[in-house]
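Worksheet for the structure shown next.
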Amino acid sequence: MPEVNAYVTNAPKGGINFKKVQINDDEGNVTLRPVLTGICGTDRGMVRGALSFAYNPEGYAYEVIGHESLCEVIDSESELFSKGDRVVPIVRRPGDCPNCRIGRPDNCSDGKKHEAGITGLHGFMRESFKEFDYNLVKVLDNSLGNVAVLTEPMKNVVKAFEVFDRIRTRFVFENERSTFLGKHAVVIGTGSEAFLYAFTAVDYGFATHMINRHPIGPTETKLCDTFGIEFIDSSKNPSFPENFKIDLLVDTSGDPGTIFKYIRQMNHNAIAILFGTNGKAPSTEVSGEDIDFIIERNITLAGSVDAAMIHYLKGLDYLSKWNRRYDGILNTMITKEFKPGDVDLFSKKPVGEIKSVIKWN
Amino acid sequence: MPEVNAYVTNAPKGGINFKKVQINDDEGNVTLRPVLTGICGTDRGMVRGALSFAYNPEGYAYEVIGHESLCEVIDSESELFSKGDRVVPIVRRPGDCPNCRIGRPDNCSDGKKHEAGITGLHGFMRESFKEFDYNLVKVLDNSLGNVAVLTEPMKNVVKAFEVFDRIRTRFVFENERSTFLGKHAVVIGTGSEAFLYAFTAVDYGFATHMINRHPIGPTETKLCDTFGIEFIDSSKNPSFPENFKIDLLVDTSGDPGTIFKYIRQMNHNAIAILFGTNGKAPSTEVSGEDIDFIIERNITLAGSVDAAMIHYLKGLDYLSKWNRRYDGILNTMITKEFKPGDVDLFSKKPVGEIKSVIKWN
Amino acid sequence: MPEVNAYVTNAPKGGINFKKVQINDDEGNVTLRPVLTGICGTDRGMVRGALSFAYNPEGYAYEVIGHESLCEVIDSESELFSKGDRVVPIVRRPGDCPNCRIGRPDNCSDGKKHEAGITGLHGFMRESFKEFDYNLVKVLDNSLGNVAVLTEPMKNVVKAFEVFDRIRTRFVFENERSTFLGKHAVVIGTGSEAFLYAFTAVDYGFATHMINRHPIGPTETKLCDTFGIEFIDSSKNPSFPENFKIDLLVDTSGDPGTIFKYIRQMNHNAIAILFGTNGKAPSTEVSGEDIDFIIERNITLAGSVDAAMIHYLKGLDYLSKWNRRYDGILNTMITKEFKPGDVDLFSKKPVGEIKSVIKWN
Amino acid sequence: MPEVNAYVTNAPKGGINFKKVQINDDEGNVTLRPVLTGICGTDRGMVRGALSFAYNPEGYAYEVIGHESLCEVIDSESELFSKGDRVVPIVRRPGDCPNCRIGRPDNCSDGKKHEAGITGLHGFMRESFKEFDYNLVKVLDNSLGNVAVLTEPMKNVVKAFEVFDRIRTRFVFENERSTFLGKHAVVIGTGSEAFLYAFTAVDYGFATHMINRHPIGPTETKLCDTFGIEFIDSSKNPSFPENFKIDLLVDTSGDPGTIFKYIRQMNHNAIAILFGTNGKAPSTEVSGEDIDFIIERNITLAGSVDAAMIHYLKGLDYLSKWNRRYDGILNTMITKEFKPGDVDLFSKKPVGEIKSVIKWN
């Protein structure tokens, strides 16, 4: 239980400090040091004090922040891991509900699970820490390099598509040839999660579109071109063509106005995945006709949060596949590397950010 | 192709007349006369000119209205039916999309299906008509009597619970004993559909609650007591107890304000079935925090419309089971019988209506 | 922990005695006395010493036998049950595998579950015993009367049809109208389980056939006629008509020769439920062409054992529905009542037995 | 309708000739020439006259053989394909059953589908032919090269794992962490299909084993080592370790004796995929205890044949992923290239064959 430097906040009040802390994690059987830790909207929300559901670990007046992480094993008492292995620690830890009992704390039935760096459990932005081997996912494809830091955001996408796969058993979603040819996916947003959702939609065979209220830069454009995604700048193209129908809508914005605007563009049997959270987003009006529209077309709206270990594994597989097929292009998604100690990164979002990371070592 | 008396409207403009019409339905191999036809919000909406999606059958300047029907076979060229059989004709007729091709026009992928009495197909409020045997469901349990006129509304409930069953495969919905003990279903509304939803929820094992903005009369109270349903008058009890969590929410009101009010009361992994349509209902505000709430709890909202032949069959089975178990209680759901020719019934909803019907001959 | 009379065996060696025993079950919060206990092939197999997997409870040199039971509450410390309630105690008790953890010990992943009256847990053939409330299912429909003793065999059928429902999601099993019209179910055997399978198949909409190597008596014939089941005496009709195709095959015989004979009669996409066990049945030859046949037609063979609490609840609902619809006909399935103390019933199967029971008090 | 050289047989009688034929395929809107065509057990069985279900196309006294094919577009009237595109033509063409209607002729309900090169439809072993665009799958990843000829065998594997995924919803198949860690897959056989099954099992996270009755050569060993598969030579290791449990068994041998030997090694909730067909394989004895074993453990045996267009697409994706990750290793699976005109390849299986192909010009 040595003292280590860590980014700490005081949940849910907020604030951020980089300072020495002493965390009791001696029980873990694998010792890790971070290689890269990603920063996401949740981290910034916590620092801003905007996430009312966050809370400090029991017995601590602070919480180490950070849940997107790529680590290196520096010592291991577990036969499953060796010094030098690169691993991703999982975020959620189970309670005792039926879903938690079968390794699905992402579907926790009673909210008694914990989330590293968010709800009652210290996160991963610290110089070193100990973990249990059963909370670690090994990165097997070395060619991934730093891209493996995207495993945590990617695992959310894998779980959300599992949700999509379950929901679509309520009808024949596919076309009359059993494929997704002719089906349209629209992803709202252009952050790292939005790109990962769009890549997966392309994988399924959707004609895939990303949409945002402003133009995108050359990195985003290159990603879209490589994967065959159409980008739509809604500030210039306020509406879709009249006959354009959305079969899968994914929202990463958390903005009710945007979501309900596009729901009215959805096709029969369409499915909307709600993923992005933004409690401070302005409200929107939902009309009786909106409800009618959802009913008459058998439309489903599904909230999806977090993911389980199986999704981390599949997420790594997707990242590896795409990165190899497109010559390492996923590296361009890491748009900025910060040094440990920098705290401004939590309040200032760099221009052109897809994914900002802290590079430890 | 004889002239028969029928209730006709001019879709989508509206209006209602009871008059002689001549409909070309000679191809049908079973001749029917109506016994009872139910009246629902859709019928009244059409007469009021409020359903913009309704349209007359091709080649006609009018449409025979009516889709909830219990009929008697008066002549049959089909070996599947005999004179005297009681049957329920199905409402939707397939187009050529993948779902229609497999007998699931309720899940029509392209909107090219037709609906008797609503969209491009003559309905059942006429003295006699011919149908194809494959569009008819036989009532096998004679003890049902007039209650079989509830088959059409009941089939919607069966399909919606099929949707619920598919969606809940996204997690373990049941408790740690594999049952629904401790789970709460809330049905918004107290019309015939609302009661049928509530009865089915009881059947699943939910603690079941119905809610409306006004008190209910003795017939409704008796139904609730018999099935073990709690009725909540929201005008007197504006909010649920703080710890009350809804696991299954069914809306039959179509009112966005009511729906989103109760969504905030939903449990982790809860599912909302949106069924009631009311395009003229006032809008409500949906906030970023509402979206957050849906996401963080893995909540699903599913529109569900119509049903397929399998659901008519299962619907009849449910009605038969309940009516026998509770000594014919479902007969009390038919709160008023009108005579053919009465047109006021489309504009005036009788006090205490659960289900009004037209009794032919 | 009073001394009570009980039927005891010495598992797996066998034998049967009715004698005073003292069982430590004081922890249970509901005290029960048996009303009826059913006897099945498993009980007789244990007494015969033919079930090698059976074993005595830890710390006992004997095991109280009996797992099919209808009991009455004679005292209750649980608020869920009151004196006079009729209940069915469940058979399997969970271990710690993922399936056991979510109330599905019927799907136990590691075999560490226990079964009352079979594997390591005292059964229900004793004058009184204590149980935990969470192991009891209440009989809500009093009209069921003694028929509720069929809940235990019925729950196996409900689980097996759940298996059928999951497996058939691998294709469109239904016809082009979404129903089972034109599909054939064949149930091998004419014991109580066979009848319960056949009734359920009728419920699904299958044209249902039962088959055995000998004629059936008037009770069985009446049951078949009432439910619309065709009985086939294979001693007189050794083969099906050439074009007869089985879509659902259920075996309750455990006889490999019979099973594989009928598999060659199965349709494309057919599903066989293997349920009956008879380790001593003679072997049969399975050829390369049998395997070909299974593959080319996408045929599935599924073993199914036991059931979970949800299936007891649904089983009671089925029994109640059928018994009311057909005027108490299920009572005829209880073909013989024995008195407690009679031990011959374990070795001699009464002529015309569908279900023999012990009537206590 | 020009004359072209083709391999023709006379189904089901057999024989093989390479000769000029004139096939009426003018309606197709894409003209193709073969690049590589694979040879499999079905082809050899047809030539040997061992497949009684094969038949010539209507109006022809012969059938062009060949269903595993990689082709090049030499002319296209379809906007979906251009000259130079590499494509794989699909094998099965739909009839009118519910499964065929939704693009799933692999699950044909009535056997009225056709299979190119097998049942009533000319195959792909001819110098050029015309096809409809909707029967073609484009190879998008050029790096696949000749490996794309494995798409047809791979699509069978993808469909079979879809079957596995559906069947395993009958319980929690995964471990208590939601993954396949600790689960064992055993693939019987070492042909091309066996390897593709094993690679997919590795992908799922199974500890994967291949088994055959003889040693394997260096190419097979290299493949096993690369993917982390354990090979077991059953001639040297006749039995598994006592506690070894199979969770997923895949048979590619079609040999009943082998299948039932390993079924007795299966774990609770295990699933066996039957894929390999060999009608001439010797029979085996199946005992009552075998049936018991299947039932008591909730074991499922599922035949799986062919696949739909979605599986070709996913198959290509798997091949591309593996081939890139392991530096083109799948090329080593093509163990021998023959020239068009050689007919001995149908009767003589080359030593060390994984996949033999005909290389057209």
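We call the chains A, B, C and D, going by the order they appear; numbering starts again at 1 in every chain.
What we mean here is this: a residue touches a chain if its C-beta (ideal position, glycine included) is under 8 Å from a C-beta of that chain, and two chains touch if they have at least 3 such contacts.
All figures in this text were calculated on a predicted structure; none of them were measured in a lab.
Shared contact partners of subunit A and subunit C comprise B, D. Both subunit A and subunit D derive from one sequence, and where they touch, over half of the residue numbers involved are common to the two copies.
Interface comparison, B-C versus B-D: the higher number of contacting C-beta pairs is recorded for B-C. For the pair subunit C and subunit D, the distance between mean C-alpha positions equals 40 Å.
Put simply, the C-alpha centre of subunit B and that of subunit C have 37 angstrom between them.
Centres computed as Cα averages put subunit B at a distance of 47 Å from subunit D. Among all residues of subunit B, those that touch two or more other chains are 98, 101-104, 169, 172, 174-176. Per the touch definition, subunit A reaches subunit B in the complex via residues 53, 97-99, 101-102, 104, 106-111, 162-163, 166-167, 169-172, 174-176, 254-256, 259-260, 267-269, 274-292, 294-305.
On the subunit B side of its complex with subunit C, the touching residues are 101-104, 134, 141, 172, 174-180, 203, 205, 308-310, 313, 317, 320-321, 324-325. Residues 98, 101-103, 169 of subunit C touch subunit A in their complex.
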